[in-house]
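A, B, C and D are the chain letters, set down in written order, and residue numbers restart from 1 in every chain.
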Amino acid sequence: MHPVVEATARVVDSAPVGRRYHRLLLDAPELSAASRPGQFFHLLCRDGAGNGPYLRRPMSIWRCGPGRQLGFLLHVKGRGTAALAALRVGERLSLLGPLGQGFRLEPGWRRILIVVRGVGLATLAPLTEAAAAQGIAVQAVLSAQAPEDLMAAEFAGDSGAAITSVFDSDGSSAVPAVEAFLRARFEGADRPDAVFTCGSNRLFLLLQRLAAEYGIPGQIALEQQMGCGLGMCFCCVRQIRAPDGTVQNLRVCAEGPVFDLQAALAW
Amino acid sequence: MVNMAVQIGGLPLANPVMPASGTFGPELAQVFDLNRLGALVTKSVTPQYREGNPLPRLCETEAGVLNSIGIPGKGLDHFCVHAMAEWRRFAPPLVVSLSADSVAAFAEAAARLAGTPGVAAIEANISCPNLEEDGRAFAMHPHSAAAAIAAMRAACTLPLWAKLSPNTADIAAVARAVEEAGADAVVVANTILGLAIDIERMAPKLGAGMGGFSGPAFKPIALRLVWQCAQAVRIPVIGVGGIASAEDAVEFLMAGASAVQVGTASFVSPNAMLNVLDGLQAFCARRGFARVSDLTGLALPGRMRPAAE
Amino acid sequence: MVNMAVQIGGLPLANPVMPASGTFGPELAQVFDLNRLGALVTKSVTPQYREGNPLPRLCETEAGVLNSIGIPGKGLDHFCVHAMAEWRRFAPPLVVSLSADSVAAFAEAAARLAGTPGVAAIEANISCPNLEEDGRAFAMHPHSAAAAIAAMRAACTLPLWAKLSPNTADIAAVARAVEEAGADAVVVANTILGLAIDIERMAPKLGAGMGGFSGPAFKPIALRLVWQCAQAVRIPVIGVGGIASAEDAVEFLMAGASAVQVGTASFVSPNAMLNVLDGLQAFCARRGFARVSDLTGLALPGRMRPAAE
Amino acid sequence: MHPVVEATARVVDSAPVGRRYHRLLLDAPELSAASRPGQFFHLLCRDGAGNGPYLRRPMSIWRCGPGRQLGFLLHVKGRGTAALAALRVGERLSLLGPLGQGFRLEPGWRRILIVVRGVGLATLAPLTEAAAAQGIAVQAVLSAQAPEDLMAAEFAGDSGAAITSVFDSDGSSAVPAVEAFLRARFEGADRPDAVFTCGSNRLFLLLQRLAAEYGIPGQIALEQQMGCGLGMCFCCVRQIRAPDGTVQNLRVCAEGPVFDLQAALAW
């Protein structure tokens, strides 16, 4: 009845992924079915020993959908994420959600392009599957330090997205190289109907500039430290450009985390 | 059946559980039915638009948080027109928290709220800086607190609650001063000033430096402030500070509060207020109290405080 | 090697870690070598025998405790003769915490301590009730705090530390007053007044009613008080309140403290002071600080505070 | 080197005993060897989920000695003891001790008599074995609500103590009945050289009165709420009669928990 639920769920999978990430899958069928790509949950971070910080932590939905386990992919950064990564199968986790405004896929789009780096791929992963389900082709640029960090499978799942990988280790992730790649796409026959990004300030600025130049609509998922996660405390604001050009503080948890690509400001 | 109704300075509430200002919004209706609450309390409204403070605006501590949000908002005009339209969808009495930086501004805003349909009471957040006294909070001293309340009292007939600050040497004196100035209730207490330092960045964790400390860690202090105020005044005391469970709420009622507000706990558990409400009722039933208002003041020296009105 | 030495108002300490008054005794030598500490601080000594408060004298809260011990003790005569004999077995400078209920009694006791071999400094616990001001604590107001310190200053030449109270509206003003009155350092802070209620017995958990709140839950407040005092005075600030780890101690040093005291944490982990000391040294080594005193004030606005002396 | 140690130890046994008690055995050979009957440890009460109260809880040594596991027998009363009882084998527990002054057994004694009720038997249990080891015969009166609550085996271990059980359920634990039994012992050939008690105010007052009348020395173990457990905070005081008749506050953790039977006051 209420769209946002405070619940506890059983951990059914908890395992490291690659060199830096950790996967958590939960048995929460109703929440999973109600979740949309781009939304997030606010997780209470207590490890099996009950230790963890006082506040919840926001985490993008990485896997969701009717009949699917609810999944998160996290980078261990501090106390909260460390407690989450220490959860074992069978332990319970308190979660609040689904929260926030997800990505919008417009009817009639035939092709989208996604540019991600780092844990931003968790946020955009479910969009690849949602697009595939609507018959929208997905092309993605995955940027990573080195091939070992790529996690293409974690990103694309069964969506059949066409992935181009770029790396710091061989220079292919440098802005000019990515710019050349994107221009070729935007000018070619496979010009996307919309672009999406998350996770890198540098790539965001590049995509914002090129999308404006080519007149392609875009969306970005932003992060900000959160208190309530529900829109009540105003600690998670970011400056967002209004249509009239003025800049206003919007709440990442309520008006976001997904914003118009051109409205977002660099951070 | 336990009678959960309470009276706060003439304002009847269906039950004594309500949110604390600044930690609540209509957004919580996404989680539960807000009509179950005894009252609704808005985040503080200021006469003019305010940008708010630099980020980070919140950081966590051992069993609590520090905040320095800076009361961002679109100002009173916008509130009375747009926000009120949304608040009127809910049944419980609406308490509008009001903040201003001069006595005159408090009075003018109170008059405006009194003319706005749907406002059941004003909670005067006098813990904010007073520009006429060098930025010291109104609630720091009895005379400035009383001046703000007296001016609002003269400007409107709405029930008027004064929200007091822990950052004072003698909160009982402040409570007595606002009672004399015409307050119908005291809300005890706002956050206490605190600090946290990021030792890697070697700077305060909050963008603004110091912040207001709240949450379970703050509870013993807030409870003491309620206990002191309940012995100092005859108007009802509304207890707030660190309440996260029904047991916490019972402590506040027994210390002399007639109602309670839940703030920070809602960030960790958005259902906290419902749990407090259900647990209060269960406590009364188990211990044989017919009315929740019978708990008020039970632990005061000589049980001096009668049940609220 | 990190240089751990600090100077507190002319008194050199081998390191900045010491116990908080009332939470420490020679009994702790059963657990570790007390000669590793920067200083030893006695529980408060009073001129006359005191029975102490009714039980319970201590209760726990979320991440902290409330206490109302009541400074039991056998009085100054017994202290100077018997207790001092035991304290002289230890090498670190001995700081004697002194409490009294009038300005004259403070001065007389200070003179007596000055004549007692082995006393390195006096920590004046001016948070206790002043019988000449209706039982209000000396440290509540600048004038009464200064009066006590000035009288002690006139009565002895020992280094004199003033231990301030959080139960005041403006601790910076109190700190400035005791600095002017001749204090060599301020110790910030004593416990803040709190309350806990046993909801089954419907009475305060402590036999005495209200009590002093301390422990990790109190830390953000104590840290803020240190930060305010460090910006108000030039004499060293000794930080105390909720310190349980080396990271906590670093926060206090960066907020402007020159040394730290550990109180309640020793009840949970008697080795807490050693852990703080070792961790401080490790932090300095990792971050490349040659002297622990280099940390003092690093997080203050404009890094205004020089390293202590 | 330091007589009191803050250490963590592995739980090797954790099980309910009878209707109300719980047994904890720890692998802590050095602490066990250093412990004396009547002393106690100060335990940090965190369950496997990390939940528990802020302060430690005092707990009498129930089993100790060279080569033996260190044991506690506890009554679940509130948050602290509940957390202790929730510990599982393999989990770790932080303990501080051994603390306090234990029982004194004087050379030359041939026979002692112990009167206990409730969890007081945990405190006196190791004395039965220490006495047996010194060739001192032990006679004990165990008082309980009903036979199911007796725990004679938990009390006497291998000490061979001669046990008389008295119950509320059949009236045998009533003060006049116990008084008659004790008078018979004190007047008979098996008159004890000393008496010991713990756990019941009523039995303490009876034993104090009779021991004074018959001129038999005695010892009692007292309880009091504790902070530091080490003698530093003065929150654990009890009124104790000095030899000159004046009453003074002594610390149960430091001067006690064992006090002279005639010096103790009723509580």
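Points to keep in mind about this one:
The criterion applied here is as follows: a residue touches a chain if its C-beta (ideal position, glycine included) is under 8 Å from a C-beta of that chain, and two chains touch if they have at least 3 such contacts.
Quick caveat: nothing in here was measured; it's all calculated off a predicted structure.
Taking the mean of C-alpha positions as each chain's centre, the chain lying farthest from the centre of subunit C is A.
Averaged C-alpha coordinates give centres for subunit B and subunit D that are 50 Å from one another.
Centre-to-centre spacing of subunit B and subunit C amounts to 34 Å, using the average Cα coordinate of each chain. Note: centroid distance subunit C to subunit D, computed from Cα atoms, is 37 Å.
Across the assembly, subunit B contributes 61-64 as residues in contact with two or more other chains.
Touching of two or more other chains is recorded for no residue of subunit D. If you draw each protein chain as a dot and join the dots that touch, you get one closed loop, with every dot joined to exactly two others. Working note: touching chain pairs come out as A-B, A-D, B-C, C-D. Of all residues in subunit A, only 46-51 touch subunit D in the complex they form.
For subunit B in complex with subunit A, the residues that touch the partner chain are 22-25, 27-33, 43, 51-52, 55-58, 60-65, 67, 69, 72, 215, 266-271. Residue ranges of subunit D in contact with subunit C, taken from their complex: 2-6, 44, 53-56, 94, 96, 224-225, 227-235, 237, 249, 254.
Interface of subunit B with subunit C (complex): residues 61-64, 66, 140-141, 167-169, 192-197, 199, 202-204, 209-210, 213, 216-221, 223-224, 227, 242, 247, 250-251, 254-255, 283, 298-299, 301.
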